[in-house]
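What follows is one structure encoded as structure tokens, with my remarks underneath.
Chain nomenclature is as follows: A, B, C, D, E and F, assigned in order of appearance, with residue numbering initiated at 1 for each chain independently.
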Amino acid sequence: MKKIEAIIQPFKLEEVKEALKAIGVDGMTVSEVRGHGRQKGHKEVYRGQEYQVDLLPKVKLELVVADIRLPEVVQTITQAARTGKIGDGKLFVYDVAEAIRIRNDDRGESAL
Amino acid sequence: MYRWNHVVLATLLLSGAALGQTVTDGEARWAAMQSTVKAAQSAGDNAWMLVCSALVLMMTGPGLALFYGGLVRKKNVLGTMMQSFILMAVVTVLWAVVGYSLAFGEGNSFIGGFHYLFLNGVGAAPNADYAGTIPQQTFMVYQLMFAIITPALISGAFAERMKFSAMLLFMVLWSFLVYFPMAHMVWGKGGLLNAFLGGRYGCLDFAGGTVVHVTSGVSALVCALYLGKRLGYPSEPMKPHNLVLSVIGACLLWVGWFGFNAGSALASSALATSAFVATHFGAAAATLGWMLAEWIKSGKPSVLGAISGAVAGLVAITPASGFVTPLAALGIGFAAGVVCFFMVTAIKHVFGYDDSLDAFGVHGAGGTLGALLTGVFATYLVNDGLKDASGRPLPLGLVDGHPGQVLNQLIGVAIAWALAAVGTLIILKVCDLLIGVRAEPQNETEGLDLSMHGEEAYNFEA
Amino acid sequence: MYRWNHVVLATLLLSGAALGQTVTDGEARWAAMQSTVKAAQSAGDNAWMLVCSALVLMMTGPGLALFYGGLVRKKNVLGTMMQSFILMAVVTVLWAVVGYSLAFGEGNSFIGGFHYLFLNGVGAAPNADYAGTIPQQTFMVYQLMFAIITPALISGAFAERMKFSAMLLFMVLWSFLVYFPMAHMVWGKGGLLNAFLGGRYGCLDFAGGTVVHVTSGVSALVCALYLGKRLGYPSEPMKPHNLVLSVIGACLLWVGWFGFNAGSALASSALATSAFVATHFGAAAATLGWMLAEWIKSGKPSVLGAISGAVAGLVAITPASGFVTPLAALGIGFAAGVVCFFMVTAIKHVFGYDDSLDAFGVHGAGGTLGALLTGVFATYLVNDGLKDASGRPLPLGLVDGHPGQVLNQLIGVAIAWALAAVGTLIILKVCDLLIGVRAEPQNETEGLDLSMHGEEAYNFEA
Amino acid sequence: MYRWNHVVLATLLLSGAALGQTVTDGEARWAAMQSTVKAAQSAGDNAWMLVCSALVLMMTGPGLALFYGGLVRKKNVLGTMMQSFILMAVVTVLWAVVGYSLAFGEGNSFIGGFHYLFLNGVGAAPNADYAGTIPQQTFMVYQLMFAIITPALISGAFAERMKFSAMLLFMVLWSFLVYFPMAHMVWGKGGLLNAFLGGRYGCLDFAGGTVVHVTSGVSALVCALYLGKRLGYPSEPMKPHNLVLSVIGACLLWVGWFGFNAGSALASSALATSAFVATHFGAAAATLGWMLAEWIKSGKPSVLGAISGAVAGLVAITPASGFVTPLAALGIGFAAGVVCFFMVTAIKHVFGYDDSLDAFGVHGAGGTLGALLTGVFATYLVNDGLKDASGRPLPLGLVDGHPGQVLNQLIGVAIAWALAAVGTLIILKVCDLLIGVRAEPQNETEGLDLSMHGEEAYNFEA
Amino acid sequence: MKKIEAIIQPFKLEEVKEALKAIGVDGMTVSEVRGHGRQKGHKEVYRGQEYQVDLLPKVKLELVVADIRLPEVVQTITQAARTGKIGDGKLFVYDVAEAIRIRNDDRGESAL
Amino acid sequence: MKKIEAIIQPFKLEEVKEALKAIGVDGMTVSEVRGHGRQKGHKEVYRGQEYQVDLLPKVKLELVVADIRLPEVVQTITQAARTGKIGDGKLFVYDVAEAIRIRNDDRGESAL
């Protein structure tokens, strides 16, 4: 099993979710994060005090998938999340040692 | 100068003994007494009208700012609140310079003159045409609060996508082209639609059904159509980011609306009370109307629905508030709740325009409905302001046996629709040519708070 | 009709010259003058009472809605605010139809009659029994605001777990079975406990210690016991989700309470001022009382404690506000702060019921305490409304040398406790049989906002 | 007692017929009529002043509490709001015991006496020196609200780092050492700077430019310097955690300020209206002034800027509000917006002190500016309260041809600066010695909410 | 060392924490996430606009534990978090290459 | 490639970010978490109801770096985040199987 961790633009979440649903991937966990990369941040000014904000809102998607589905899922995500502009984000893949469904103790790929 | 009446009064009242010596002549004594009574009457009425002025300002800020601010997405909340707030400043200056004069100065049937330019001559003395027991300055500042909130209402239609600079220009032009003329026509002496002061088509509009709600609501529709939909609408979720704010806003609107409607009696009279009661009853019935309609149709009574209903009821009762009985107010309110519910949930989706916060669905539809129902339910039993030659009160609405009033109301509404629609379209074109009305796509995506104002509303990390 | 007084007045005042000619007879001139003075008096009093009506409405929405809304968990905030908001609509309709009549119409010692059904006859003319200088409509709408907030107070006890539909039914029945009778007994003409208008046991309750706070607080206790604890209480953390809202709410309650108590003078008189001062002093002292008690006992003075103390003080001073000196108000307030602190932090845990937002601990306990202390501190030096045959003011409370008043207060409190407890229990049973009062477990877990209203308060992601 | 006037009135008005029989003598009839008229006048004025008292309280809570609360970091929001809230309680008790007496009792040029200790003798009868048509209790409670908000304003300077206990002690001492004397000097009978009641240097301060804003603003500066910077300032980001709260706060301040300024007419007179208008115009123009200055300098008009501008304008117009024309108010407001913008954004950074919420930049600078401009623009055309022997109004400010007034204003401002600076420094030293003023570093890092009050404002997880 | 990542129902957090404390596991990191799986979401309606919400609030628990404690900890969590209904969540296990205590640079299992 | 996951004190974020910038590391993802370890929590009391809060606010930093930069980056973070007091946090390192730049499908270390 592999874990996919994709950092994407928040406004792309809906599209990525739809695309994943289309290929039958359901299980995923989403969280709000802030990211820093090549994308330029913005300036905020509060009563003359300037702040350079370089952590921008992003959404992190985490999915654990069977090895065999990995390429397909990765491609689906990158395609749906792409705008071609700086800030589109990154996708990382990790090995998973074990997966368990809490409800009934199913283990391994059958737990996904 | 301003302190004069008061000082006279104090002199008279506090030195009753001395009085007897100074005033030897009976008639002079009567005159003095009359002037102290006049001052006492003015104290009560002025207290009420100043409070009402404050209440109506509170409707815009924080009332409307919260109501609208809660309904937009997080990234636009400050920009949305700013649209209300900045009008508190901008319209005030316009009003001082020339707005009051154009609305309430004597002029022709359509617009006032320059008599009160820079508030010249607007002082402590009452203007008996409008309000005989309070300083004209009180009347002036009270009416100013209406001129502030009316354009602010429009902003619900173009929320989340209009440039701030364009918004400012739009609002200035709109005040001149739509609000000042409309206010003059309906409420100004000699205005075309003024039922009490020599208008050609006497239209009953106690507190601004046509002047405030129809104009703003119809202009909102034109704005929504002209600006087009928000990016991503309706596929992306655009849920209200903080309904708690909207509930606070709705409550403050309700409370402030007492100033709006009951204040329109321009005195602390039984008519003010009557309008107060009608306002409250209208809001209450509309809340139930919307809630029941939604409960039946969607299966759950939402809080957003209940507060939207309240606002719809307040809108619809506005023109009627000084003319109808409490029970009629319940009826008008209930009708408004149900009708606006369908406008907002069904009709809007049929036509597919993006009136972001339903400024048209609530103010345009509710205002029109209220203006027409005023023609039906207005009765001389509540307001005997119109008299025949022998001093007998004239019948007002259909229920008084005066069906013609409904026609007059229709004329008033039609003029308001036409003026608002045409005026707004012209102004939008002008603004678009001069500076562009719609925010750049990346600015819209980033949100108005950051792109227009360089701020974020919430910084919860630190 | 409604505009009549005002028009007469304007005629008289604005044409002083003409006056001399029209009124030839001296006595007629006097009568005319008297009527203009009466109008002037009414203007001042009516201004005050309309403002107070608005203030008391503001106590419910947004005041109480925020105070309670901030104390619940995030998933229940809209549902909780809705319980206050919807009562603004529901009780209004009840009041218009029959509630006002049952509370203030003439009837027997326990309940009013149907004289004012559909507000028939409630118009511009004052009802001299209650308030001789303002339109009866003003009195009616002012009292309506009390009828709204009282049931809303109860909702603190069953927060986070009651079905919305059951809540609606409960509140309607409660108004009929508890509020209207209690209001009639204490304030209605001929009511059993009415000290000023022929009651058998003259109970002093200036602004609603028994009628509002004891009834709602005791009913809250019964609700908490009947409904049982929230799922997970007390093991799961159920911290207030947004104390900022509660602070805003408490401040608005404080401000609005001036309308509640000082408005109960029913005129803009020195008595109103006295009640205003007592109210403010009571709230201030109670804030300090609670804070000090908590500081000593828990080591830190919490903000939630301070605002709870303020509300406790406002509750306790309510029945006393028009009868006690400023210094007595400080004392009553301080006592309320300390007592309610112990009720909420100690007694509640001993008994183990889940009065989610401490409606009983604050309103029940504070109201009872205040009602009794009113019997102690009420003095004719502050309120000489009760006179003997020769017109000399009667002693009021213990400090005036009239210990019997404490007994009368006890009787009033006992009746309020009994009526509220029995009435509420019956109503809960009925509601439970008809539609079930408690939300389904999964709905409670999901939260009221989603399960009852299909919404979420905060959508911060987008 | 308190109800007396009202009862008399009712008797007279409601039994016109009986009147003729009872009052046989013409003069007695006149006297009775005069007393009823006096009551009517009082009703109107009292209504207004009670409302204004409520409005000024609303400025502190929730107004200022929100304005300041939104500007701090999340972990300090409750602690910051508490600083305003607890003053509503603490100062009230001080005022009742001795504060009112020290400020408004007769004494010497610098401080009042103990005449009104425990509010002895402060009852229903007017105090003609201050306000002849309302109960002295009304005047007392109205002035109390000023005594509450003034120290609360200071808290903006030491936000996020002062110990709660030290804050309490500081505020109590500050009331005695700075506020009560300053209020007496400017407004108390016989005060050194009282222009109307026999002061040596007649300083015009209608609603508290020197008494409220200069004292609090200068004290704020001293506090900021004495306490030093917040940990991490200015390297760590310290953005406002919730600007929505600040916008609500600013709006409520604006609305409440009508009570502050227009209420300072102490009657519902045309002067009140004039002050109301000046207040509104000043706020509006300052909003635009700050916004334009910021737009030009930083490229974007921020919402925080707009609301800060509004407050700056309200501050600056405060001393002038009862003396200047509407157009002068626009000018004063605009100047204040621009000047305070530069104080806050440029001057502060040059000197490098950490006035966390800019209490000095807005209240100190704006108050000083306003006090001086009052000397320029005050005119007898607006306020003819000062008369020469023959009863002709005296010229007031420079525009009236009385340049000396500017000097008097300077003297008033200088005294306020000196008293505030020296007084505050002494008090801080004392507090520091007794209990320490600054929070422990780990408490500051943890946040005041947790470390001082044991709570968190937001619990959004559950 | 292994990292355990458990996605659980928010209202189960307290119980799981207690259970872990009972077996002497202290270190953990918790975050708010939203998850999507077999559990049906809910409908929200705002002025007639319907939204199908399929991302539901969950809590993510992260614990790094010594290999030897893995089975015990996993069992403790799954048991405490289980209701037996859909939506109970998942538990994933990953290898950890290194652990460092920032305070004093302790490394490996002694850093936990 | 390695993934670094550092749990640090929130008020240290700015310093750590600066330190990383100084050594040329740009890409990172940040999220708000709550943590539990040796650090004692605090007590909160609401109307007499006590809560022992043992989950304290922390910030989680995630960076994927090339193997070769690992030691330097780890050292930079631990040094900048250290106060020497309990509660400073932990740093964990994991293997990364793959990294992809969503914008242009760059893979491996060149995607970082």
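The criterion applied here is as follows: a contact is a pair of C-beta atoms (placed from the backbone, for glycine too) under 8 Å apart; a residue touches a chain by one contact, two chains touch by 3 or more.
Owing to the predicted nature of the structure, the values given are computational and were not obtained by experimental measurement.
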Would you kindly count the fewest steps from subunit C to subunit F, each step being a jump to a chain that touches the current one? 1
Assuming a repeat means more than half of the contact pairs shared by residue number, which candidate in A-D, D-F or A-B repeats C-F? A-D
Classification of the subunit B:subunit C interface as same or different, half of numbers criterion: different
Averaged over CA atoms, how far is the centre of subunit B from the centre of subunit F? Could you give it in whole Å? 53
Centre to centre, by mean C-alpha position, how many angstrom separate subunit C and subunit D? 31
Centre to centre, by mean C-alpha position, how many angstrom separate subunit C and subunit E? 48
Junction residues of subunit D - those touching two or more other chains: 33, 37, 40-41, 43-45, 47-48, 51, 236-240, 242, 248, 298, 300, 302, 304, 454-456, 458, 462
Among subunit E residues, those touching two or more other chains are 31-32, 44-46, 94-95
Along subunit B, where are the residues that touch subunit E in the complex? 234, 237-240, 298, 300, 302, 304-305, 308, 344-346, 348-349, 358
In the complex with subunit F, residue positions of subunit A that touch it: 2, 6-8, 31-38, 54-55, 58, 60, 74, 77-78, 81-95
Show me the residue ranges of subunit A that touch subunit D in the complex, using the header's touch definition. 44-49, 51
Sites on subunit B touched by subunit A in the complex: 232, 235-237, 445-446, 450, 454-456
Interface with subunit D, subunit B side, in the complex: residues 1-7, 9-10, 12-14, 16, 19-20, 29, 33, 36-37, 39-48, 50-51, 53-54, 57-58, 61-62, 65-66, 69, 77-79, 81-82, 85-86, 88-90, 92-93, 96, 118-119, 123-124, 134-135, 137-138, 140-141, 144, 164, 242, 245, 248, 449, 452-460, 462
